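In what follows, a single structure is set out as structure tokens and then discussed.
Going in written order, the chains are labelled A, B and C, and every chain counts its residues from 1.
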Amino acid sequence: MTYDAIIVGAGHNGLTAACFMARAGLKTVIVEKEDHVGGAAVSLSLTPGWTYSNCSYVCSLLRPEIIRALELPKHGLQVIPYEGGAVFDSKGDYFAYMSDHDALRRELIRHSPRDADGYERYARAVMRQCKFIKPLLLRTAPDPASLKPRDISELLYILKRFHGLGAREMAETVRFWTMSIAEYLDQYFETPMIKAYIAGSGIIGTGLGPYSPGTAYVLLHHYMGEVDGAIGAWGFARGGMGSITQAMARSFQAAGGEIRTGAGLDRFIIKGGKVRGVALANGDELMADTVVSGMDVRRTFIDHTEEKELPQDFVKGVKRYRFRGSSGKLNIALDGMPTFTAAPKDASFLRGDLHFLDDMEEIERAYDDWKDGKWSASPYVDFLIPTQIDPTMAPPGKHYATIFVQYAPYELADGQWDDANREAFAETVISKIARHSSDFRKLIVHKEVRTPKDIEDQVGLTEGNIFQGELTFDQLLFNRPVPGYAQYRSPIKGLYMCGSSTHPGGGVMGAPGANAAREVLSDLGHRIDMGFSA
Amino acid sequence: MAATANPVPLVHLGLEPGPFHERLIAHNRQQAWMNWMGYASPSVLDTVEFEYFAIRNQSTLFDISPMCKYAITGPDAEAVVNRLVTRDMRKLKPGRVAYCIWCDEDGQVVDDGTIFRYSDTEFRLCCQEPQLSWLEDIAWGFDVEISDVTREVAGLALQGPTSCALLKDLGLAGIETLKPFGIAEFKIAGSEVSISRTGFTGDLGYELWMDPADALNVWDALVAAGRLRGLRVIGYEALEMARIEAGFLLPKVDFLSAQTVLRANRASTPYELGLDWLVALDKPHFNGRRALLDLSKKTPRRKLVAIEIERDKPAHNALVYHRKTREVGMVTSALWSPTCKRNIAYAWLDAPYGQSVTDNLWVEIYLQKEIRWQRRMARCQLVDKPFFVHPRRAATPPADH
Amino acid sequence: MSPRYDAIVIGAGHNGLVAAAMLARKGKKVLVLEARTHPGGMLGDPEFRVAPLPYALRPEIAKALQLDQSMLYAAKPLEVLSFGADGLPVRVSGGLATGVDIATAEAYAALHTRLGRQAKALGAMLLETPPGLGKAKLSETAALARMALRMRLLGKTEMRDLLRIVLSNAWDLLNDEIGDGPLAGLLAMDATLGGAMGPRSPGTVLTLLYRMASHSPHGHGLRVMPEGGPDALVKALSDCVKAAGGEIRTASPVERILVDGDRAAGVRLTSGVEIASPLVLSNASPRVTLLTLLGVEHLDGEFVRRCRTMASKGMVARLDFDLASVPELRGGGALQSGQRLVVAPTMRTIETAFNAAKYGSLPDRPALEAVYDGAARRLSVSAQFAPHDLKGGWTDEAKARLSASVLSVLADALPGVASTVTGSRVMSPADIETGYGAAGGHWHHGELRVDQLLMLRPFDGAAQYRMPVAGLYLCGAGAHPGGDISGAAGFNAARAALRDGVH
């Protein structure tokens, strides 16, 4: 079979790229090794009656421009905002992040009037950074070592925006991008629990602790949604995260695209430095002069490309590229709504993200365990029960809990990720939650445990890194994934990358896919109208 | 360690009742509440026009408890307050109040408010936006204590020509000798009340400060005495009309605090706001002094001016043009003044307009006539503030009406 | 007031002396006021020096001050012994490493050369006043442009490499290039010593490059001990000040910087004596200078906030051990005077030591840098990480505990050393803070990290030596380009003051 373009991997970025290409009139096919689309944005039923968001679990950063351009709501996507969140400490108190601004202020004052004031300053500071960074997400990063007019003008665009911030904000920006989240929050808050609540989201998926320099910028996630337009930006995809990729798949098919599931890749077919198509594991060969890989950079180039086809420095760069998964996941079917010792009954904040922490030091110590090749003895847990809002994922009165766990190493220093260790890992998490919810354990009907190893095996994310590679500066912007190859093109003509290994990185954002599609279409001489201006 | 404590009660969700809420409910026939720092504050109780005319003709009650209030006390209190604001606070005597602004290090206005001086070492700041961390930054290194007393002090604005008579009726001996910006202590129905001759209406009026536990007692006494003096409880909208007439600026409407802006160029300097008279560059160092010294030598890049517009349609949200074509600014507050019978507004004008160029200015007003919108260019000219001036505001002793 | 000076320099640390010498040589009447009984600051006390390895004075400064170059740079670059997990030393001279397998030695040499080139490109800014943020003068921007040009001249590949690693951590870079071991331990020690970061902390490649940018006539990243040791350097600088007509008064602690009409007017000593001068340069740390000596009443609240919250947590304790005999190296041979020892067998040992310090505790096994003074039979050790804000405080018991753990780590490299100790002294970061006007007891008067470098050093709004009160300048390590006994901060500050004109 011959196509205009082949996309490898039906994750959200592969699907996004595919949609844009099909809509531009290319005869496009997606090949996917699993028997379902979705990659890490899936909703699977592992026990009758329940649907899990098996991997990614909240929808925060999916670019509104993409939702609109691909008409995802028309194809069934609904994002429902969730309400606040809370952290419970070991002394029986909690801090509730109320969704109502005035209630939040009162809750902050309950802990510290100073923090209530600090919160306003903090929120504005992060919001200013969001406004600065947001336009860069849907742009291709410039190569600072290049003298091409396009790279120079893009570099000037960024410098001009930076300069436009004014002197004070320029200094703030440098601090924001290089400071540790702990130090950043110390500027605004004094209550350990409040800092821990905010810091937690900064270390999700990373190989850094809250005391590590360079973690503060992840706070952007908190407000990016608000910059995108408030309600609906932070929420659950109705029906689980799979509904995002399902909507994308429908959008793709509506544009004439073809999806082949159960079609694992054997290798890219490369002749004379140009890609000619793909050979599938089942022996089929599909031909196309444009192939876009949604897989991470190591799978694409080390596992499925012959090394002789690639320049040495590129191979070195890919081999050096760091994954180091640090997260685990529990999905739990519950027989009823658990109660929390410290929480007032029916508190609205239970419909948000829940955590069990005293302070940032607890997270940092959890990180120290990971550095030593152990899962955290007292892990950071991001616990949500989406079924309080989403009626589709569990039978009435029953609930589904998604539990993200930080930190868990890809390789254990002692032993392997066998069933016994997997169970012990789950027990660490469950017993931590059970200390705050006495009925939680007995409500468990079914559970799915995913270690970084499982995430690699089941989803195809190398070393279980949920972002397809660490989000540290040496792997961001023009460094992602490899300096000199940060513009979605690879050393092989016609072979492109569109996964989260590329700028601007992970999270169910869709931006790498959209950016890659723009570069592909521009190389193919298409007039680029993606439905939004970047 | 297992968490065993009892559930912590939830903070109040939704709008919070203030100290006068029980009484306000009874008066609020419109059931029109607005959010003022999380408190339920009436926007209109009955009819906005009648409430407005009560300010200018009788007397009115308005709950100002949601104002942010900070006590600044200690041996260095004067030094800290003087370091905070641009006016020379060494000149403020105990028992007096001063309207002030304070600036950031770049000379951009952070907020405005009133500073009450109770003694050599005791001050209170009243303002619109939370300032705790700002005050703590300013006070760092000084022997002073800063505390947020917003919830410890209830406030009522009693404003209007009969307000002094009303207080006299309540037996407040000597209230008639209280000069504008003076403070004195009284008892109303047995409750201690601190009264300042201040307000946001540009008319004769007082602000009453008390323990929230005494709030209803004082309210009831005022309302009872007010029956003979035409007292009316009012909402925010009527007050807003009076404050525009009186020439007062409103943060978040006429200008933004440098602390809250997301875009660097949205903050404003005292010179741009026309508040030069509040800046005492000759006093010892205060926050923003060096930047203000530089700014004082330059032409402001834009200016907030008072304008009067031809005809009678208020210029809400209007853009301002020069020669009807070039966009040179925008209106922030606008009002058809029922007392002055003038169409008035405040507007930001980019330099040189409003400074060296003041003629041929037009505002673009959109009028709706039976669901059809019309655009009208109306000529406007720069005028002096305030629009409403009456000798009774400052007369001491004030007349009874 | 007593007779008027053209300039007063607070603190006779090496930067203060360099600044004073610069000004005096331009004909200014300069008075240096030193609180301690010796000039030289952290180099100065012959009994117990904070900085026993003063090897990085910039040759440009030596030249400008016409110091005796033969004394400063005649010696060979310092040899370093970095001890492995087996206690055996790897000998390192610049890029040359012996005692490891050939592949590692080659990889190390290549890395050393590469980092040296990259450091040199970045180092272009060290002797320049950093540009003002958002309102840079043309001349200042030119310096930045020169740095950008130098980066481009590295070539595409190396420039890209530099931009990749520059904000990254030493851990990943060194694991990629040379693997963990005593050589990585040595470089990671260079990257972290004096700061509050472990090798895994992003930003440690930058501090490593910063160290590599130190410059002697022997080349980049190579350090030379002056002939005669630290005392000789201090004497040379002091003599230079005096020769140019400057005056140095020791045991004269300054209590207050005097201000008149928003201008610096002189200083008041703790003795009550006031000395007038229109120009005051302070070699004390920014926090001490601004918050203690000047006073917050002269400064804006935001400025004060940035000053008091700047990162400046000292993490190094100094220990001196008097030894009865010359220590023997494990594997044979005696320790030689002037050798630099590093006991950080792997990066991981450094990171583990950092773990404890993050939470305010002392590590069981600190990472060490040491130098042996044969004449005095003294082993001077810098131990990290020893947090300034140690939980429970720096009690005698805590110091004894640290001393014991240091000796136990040393014993791996120098077997039996503990039994030869005849006397010992411990100086905590808290001691350094009180003794030397260094906020937080930080060697560099403030952490060296991206948000506290160049136009952000020591913090936004205070970055060009000139302080908000006219006539007051920062001339210590808290100012650009930071510490390491390079003298650059004092040199740059004096030039800035001269450019502004002395009033």
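Throughout what follows, a residue touches a chain if its C-beta (ideal position, glycine included) is under 8 Å from a C-beta of that chain, and two chains touch if they have at least 3 such contacts.
In this text the structure is predicted, and so the values were computed from the model without any measurement.
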| item | value |
| --- | --- |
| Remotest chain, chain A as reference, centres from CA atoms | B |
| Chain pair with the higher count of C-beta pairs in contact (A-B, B-C) | A-B |
| Central chain (by mean CA position) | A |
| Between chain C and chain A, distance of the C-alpha-averaged centres to the nearest whole Å | 41 |
| Cα-centroid distance, chain B relative to chain C, in whole angstrom | 53 |
| Rounded Å distance between chain A and chain B, as computed from the means of their C-alpha atoms | 47 |
| Chain A: positions in contact with at least two other chains | 166, 168 |
| Two or more partner chains touched - positions in chain B | none |
| Sites on chain C at which at least two other chains make contact | 461 |
| Chain C residues touching chain B - in the complex, by the definition given at the top | 262, 291, 295-305, 308, 461, 468 |
| Sites on chain B touched by chain C in the complex | 79, 83, 104-105, 134, 137-138, 140-142, 284-285, 287-288, 290 |
| Chain B residues touching chain A - in the complex, by the definition given at the top | 1-16, 35, 37-38, 106, 130-133, 136, 148, 259-260, 262, 264-265 |
| Interface residues, chain A side, partner chain B - complex | 88-94, 96, 98, 100-103, 105-107, 110, 113-114, 116-118, 120-121, 124, 127-128, 131, 164-166, 168-169, 341-345, 347-348, 435-436 |
| Partner chain C, residues of chain A touching it in the complex | 144-146, 163, 166-168, 170-172, 174-175, 178-179, 183, 186-187, 208, 211-214, 313, 320, 322, 361, 364-365, 368, 371, 472-474, 478-479, 483-484 |
